[in-house]
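All chains are identified by letter, namely A, B, C and D, in their written order; residue positions are counted from 1 within each chain.
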Amino acid sequence: MHYINKLAYYLVIILIILSINFFLPRAMPGDPLAYVLGENPDMPIRMTEEEREMKLAEYGLDKPLPEQYVDYMIKLSKGDLGHSIYYKNPVMDEILIRLKWTLLLTGTATVIYMPLGIFLGAESAWARGKKKDTLSLITILTVSSFPSFVLGTLFVIFFAFKLGLFPLGCANTIGATYANPLEEALDILHHLILPVATLIIAHIGGTYLLMRNSMLSVIGADYILSARAKGLSERYILNRHAIRNALLPIVTMAALTIGFMTVGTIFVEKVFAYPGIGLLLYDSVLRRDYPLIQGIFLFISIFVVLANFIADMAYVWLDPRVSDE
Amino acid sequence: MTGVKVNNVLGSLGLGILAILITVAIFAPQIAPYDPHDTYKWMERPSSEHLLGTNDVGNDILSEVIYGTRVSLFIAFTVSITAIIIGTALGLIAGYSSGVLGFLIMRIVDIFLTIPRMVLIIVLAAFLTQSIWNLIVIFIIFGWMMTARIVRSEVLTLRSQYYVDSAKMLGGSDRYIIWRHILPNVVPLVVVQFIMEASHVIIAEAGISFLGLGDPVARSWGTIFNYAFEYPNIILSDAWMWWMLPPGLCIAATVLGLTFVGYALEERLNPKLKTVVGMEA
Amino acid sequence: MLEVTELTKYFSSGLIRKQYQRAVDGVSFTIKNGETLGLVGESGCGKTTVGRLILRLTKPTDGTVLFDGIDLFALNRRELLAIRPRIQMIFQDPDSSLNPRMKIGTSIAEPLKLHGTIPEVKRKQRIKELIETVGLNPEHINRYPYQLSGGQNQRVVLARILALNPDLIIADEPTSSLDVSVQAQILNLMRDLQKEFNHTYLFISHDLDVVRIMADRIAVMYLGRLIEIGETRDIYDHAKHPYTQALLSAAAVDGKTEQNVLEGETSSPLDTPTGCRFNTRCPYREEICAIKEPELVEVGRDHYVACHIA
Amino acid sequence: MILKISKLKTHFSTPDGLVRAVDTIDLSIRERETVGLIGETGCGKTVLGLTITRLLQSSTTVKGTIIYKETNLLKISETEMRRIRGDEIAMILQNPTTSLNPVMRVGEQIAEVIRLHQGLNKKDAAEKAIKMLGSVRIPSPSQRANEYPHEFSGGMKQRVMIAMGLACNPSLIIADEPTKGLDVTIKSQIIKLLKEVTKEKAMLLITHDLSVARALCDRIALMYAGELVECAPAGEIFDAPRHPYTRGFLGSLPRNGLVPIPGMSPSLINLPQGCRFHPRCANAKAICKRKHPGMTEIEDGHFVRCFDA
């Protein structure tokens, strides 16, 4: 029952996202045609009525809205997100080319910062009031008040430019030929370290604080006292009793953190000229390549919604109280 | 005990930082040595005339950053105050009425919180003309949801308190109960939420401006940072030190100040530092 | 004074597959002027809901409540506001009955302000009188609820109620969160106030010892139904319903006499048994008990029981 | 003698001042004896229970001795104490709803203590846990062991707590308010169960409910404002109470006439001079205000802290 409800809920959200995407160019001030053709809406290129009519017909913009909406949905279902103005290629293709880099970047960062944040938060709370806790709290609060792009820029300046430890940017050495796959992997890794570190440091604060708070309320819970009364060791209590309970709010908030992380990637990719979807979005924004901007919006949103759905399912699995309802 | 002390230190530190920044923002014309739009020799190194040098078009960077404080804080506080008021009002309605309207509000909140709002903000900003007012409106539209959710759940708790039943029984109207019994108990929570939202907006605005979507006339810290970042080979010279670092540090300091104050407030409202486990109250 | 007829409340939950919780199911009783009726039952039996329904703090599903001949469920909002001061309720938890951000004096002033019966200049004097009536000091007026003990807060609640001069007071477990020595103080105070102001009480409690002292008549509830009602003495000495008997026996723990311990647990109000709701736990169950729901029948003077075998 | 507490003090400092929760308590429990510790909210009875099992925060000051069998529990290391907790001394905490881990199966919560202290493997411990659930009269225990706490009613959760406490066959049980919040009919079931399962064990029963103590205890100690005021065989407490607090406590029960004790219990931070009960005592004399009375044995095994007894 729970699953079906949730599934329906997420389908509705996806439908809403698709609709937002549909109405964006049509509801915004300016000429919708300009958004497809890529002119600056403030200074429309002069066009004869006839040309205009033709263009409108070409993009189906002359039809009534509901019909346009149906067309849009049909196109989407075929994976057609329109054509990029700048690249003259299907939007979908452009996104897919860049996708692997973003996945690599976000994936690596998530795999590290989530467990690390949870671990540090739990340890901090378990030692609450002690030096260790205060120190890590203040450090993490301070570090995470830097926006990712400021942090990333500083990293580039110090670790790449001044110390020369890492490349200045990009995902791999441009124009390099590799002797074997291992060499290629190492090169990619070398390029990956700074952006991933930036993402981790910029985003660990949220998870850390949440886990610490959640853990603090768990520590005061009666069942922890009850576990102590059984003679269990502190480590065992932390691992077996406390963490799982403390994780519940983390999973609920995973939705937000995943969203933040995805957005953070955009800034980090710009700083490091990392050729992922984020950089693509940035470039498209500069070029006012609206079909591409919309395509990326759609892509990221649906990705985040899916991640949410998974987090929700994980919650059901973690908390037996929910599945009964 | 130490927890309380740390809180006070962090709280005062945060308040101090914010006080300085707010003073700078208010008295920007008096403090700034030059008009940020006046042009002098471009790309000057710091000197007694231009403490932080000049930028690529010859604006005095220090003055630019001082005026940038105004822009950044103005956006942050305007957005968070408005968003908090909207969020609190809708949260109160959703929590207190619990009818169809409340249900609808909460569904909208859920949906908005699931969609990555920053991406949508970037896309909207790309469609609209670059101005701080457009940014403010967009941030408000996407800024009230968390408050609404938190306020609603608090109202639900408060509503089940016997003193609300008592007020009803003593003859209080719904309006009386909301104003007299519910709202005052929600306020502390809302204040914390206001601070959190302000720091979100500071970061978000800086990010949007870093992508080149900020107002080119009223330049915020993010915009200044972005112009510096876009300047060719900035890191090869030393210019990053006086051109990039100051706005970057200002953003971080503001967020830090807000975080410290918010953290100290939250801990005070919600003391989890129980002295003795299992002690009877 | 109060005439409750076929009072019913079903709580529904679930959007698609509706579930009904039969919290109160066709409860009828009357309370005479100046009398105390004890309403007894275990948690989840619906006794608190009965109190809230009479005050219309919870919306009833069905039934009528006549208060001094006025049909409470037929009143519109304004009429309801006008009659509410005459019926007041004391809630279980005194600490949460007072707004933590309001001084004691402000809390007591609330009803005076809302109804404007007393001019502002005399209000202070009245608050002082009320505070003293319930055995507190005037110095408590400027304190906050968290600075007072549970017992003192319950006195404040009483003072606030007295400000309205009500006729009927519904007391919902007023002492269940208090220690016995304080409980005795509050119960005595309530009895004194009743004598002085001629209050009528609906006294809701799970504690049979307390009800025995406080009530003139007793009504016993089980899973939303009234199963026995009668004079206090009759109930204690000649309980007819097996559940009432079990309750009395359970309350009389002294370590010496062997108790008749009732097996099993109360069913969920979401899934009440067919027939007599007590039949799943009843030691004297017969065939009919699982089929037909028993009605209240008179078994003695003013003594009614809903049981097939009693 | 299985437990002998002497001159025990438990103090902790708070921002408001020093809380003297347990203030010089002497109490012993014999083998197979059930001792009731009775007192009202905030008198320090729960803290006493937690002091014995050393479950208080390390910042708490504890003085005196707690001799369990031959060992002074206050002198041994934390590791040694952990070996005793749950194995030899079991604690049944108040409020089973919050004392059970909501995300762990009930069977596992019992099995983990068996694995820890008896070294059984996973499978055997799980089987033993099911047996324990059966022994506290939980129907279809093998199925219930796989369920989570929220699927149990209040009474059933209390049974689980008892099973958990008994799992390693402890010689001393400390039960803190085991019937709090339960309906009367369920309360009698739990009393009956406790009576059966503790026949061969020593138990310290902490409660505010005299009827529970009466049904279960051999001896009863009354606690007021951090100290014991009267300690005697259960019968004597009920039939011939000597301390004015005990008398007042009994007298305030509805069935004994509902005669209240005036005033209220003092705060443990700000205790009255002299006898701690004197501000509420009807027979208070001049000496009661000045001098703090000691515990005196007025009859064989009947101790009272009162100048007038």
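Just so it is clear, a residue touches a chain if its C-beta (ideal position, glycine included) is under 8 Å from a C-beta of that chain, and two chains touch if they have at least 3 such contacts.
Source: prediction; values computed, not measured.
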Problem set entry | Chain closest to the middle [Cα centroid of all protein chains] | B
Exercise. Which chains are joined by the largest number of contacting C-beta pairs?
Worked result: A-B
Exercise. Whole-Å distance, subunit B centre to subunit D centre, using C-alpha means?
Worked result: 51
For this session: Give, as an integer number of Å, the spacing between the C-alpha centres of subunit B and subunit A.
Result: 21
Problem set entry | Distance between the centres, which are taken as Cα means, of subunit C and subunit B, whole angstrom | 49
For this session: Could you put a whole-Å number on the gap between the CA centroids of subunit C and subunit D?
Result: 32
For this session: Indicate the residues of subunit B shared as contacts by at least two other chains.
Result: 1, 277-278
For this session: Provide the list of subunit D residues touching at least two other chains, using ranges where the numbers run on.
Result: 41, 55, 93
Seminar exercise, completed: subunit C touches at least 2 other chains through residues none
Exercise. Touching subunit A in the complex: which residues of subunit B?
Worked result: 1-3, 6, 10, 110-111, 113-120, 122-124, 126-129, 199, 203, 206-207, 210-213, 225, 229, 235-236, 240, 244, 248, 251-253, 255-256, 259-260, 263, 272-274, 277-278
For this session: Show which residues of subunit D lie in contact with subunit C when the two form their complex.
Result: 40-41, 153, 155-156, 183-189, 191-192, 208, 210-212, 214-216, 234, 248-249, 252-255, 258-262, 264-265
For this session: Could you pull out which subunit A residues touch subunit D in their complex?
Result: 221-223, 225-233, 240-241, 244-245, 248, 318-321, 324
Exercise. Which part of subunit A faces subunit B closely enough to touch in the complex?
Worked result: 9-10, 12-13, 16-17, 20, 24-25, 28-30, 35, 42, 128-130, 134, 137-138, 141-142, 145-147, 149-150, 153-154, 156-157, 161, 213, 216-217, 220, 222, 225, 255-256, 259-260, 262-263, 266-267, 270-271, 281-282, 284-286, 288, 290, 293-294, 296-297, 300-301, 304-305, 308
For this session: Note which residues of subunit C are touching subunit B in the complex, please.
Result: 52, 55, 57, 81, 84-85, 87-89, 91-93, 96-101, 110-111, 114-115, 157, 160, 164
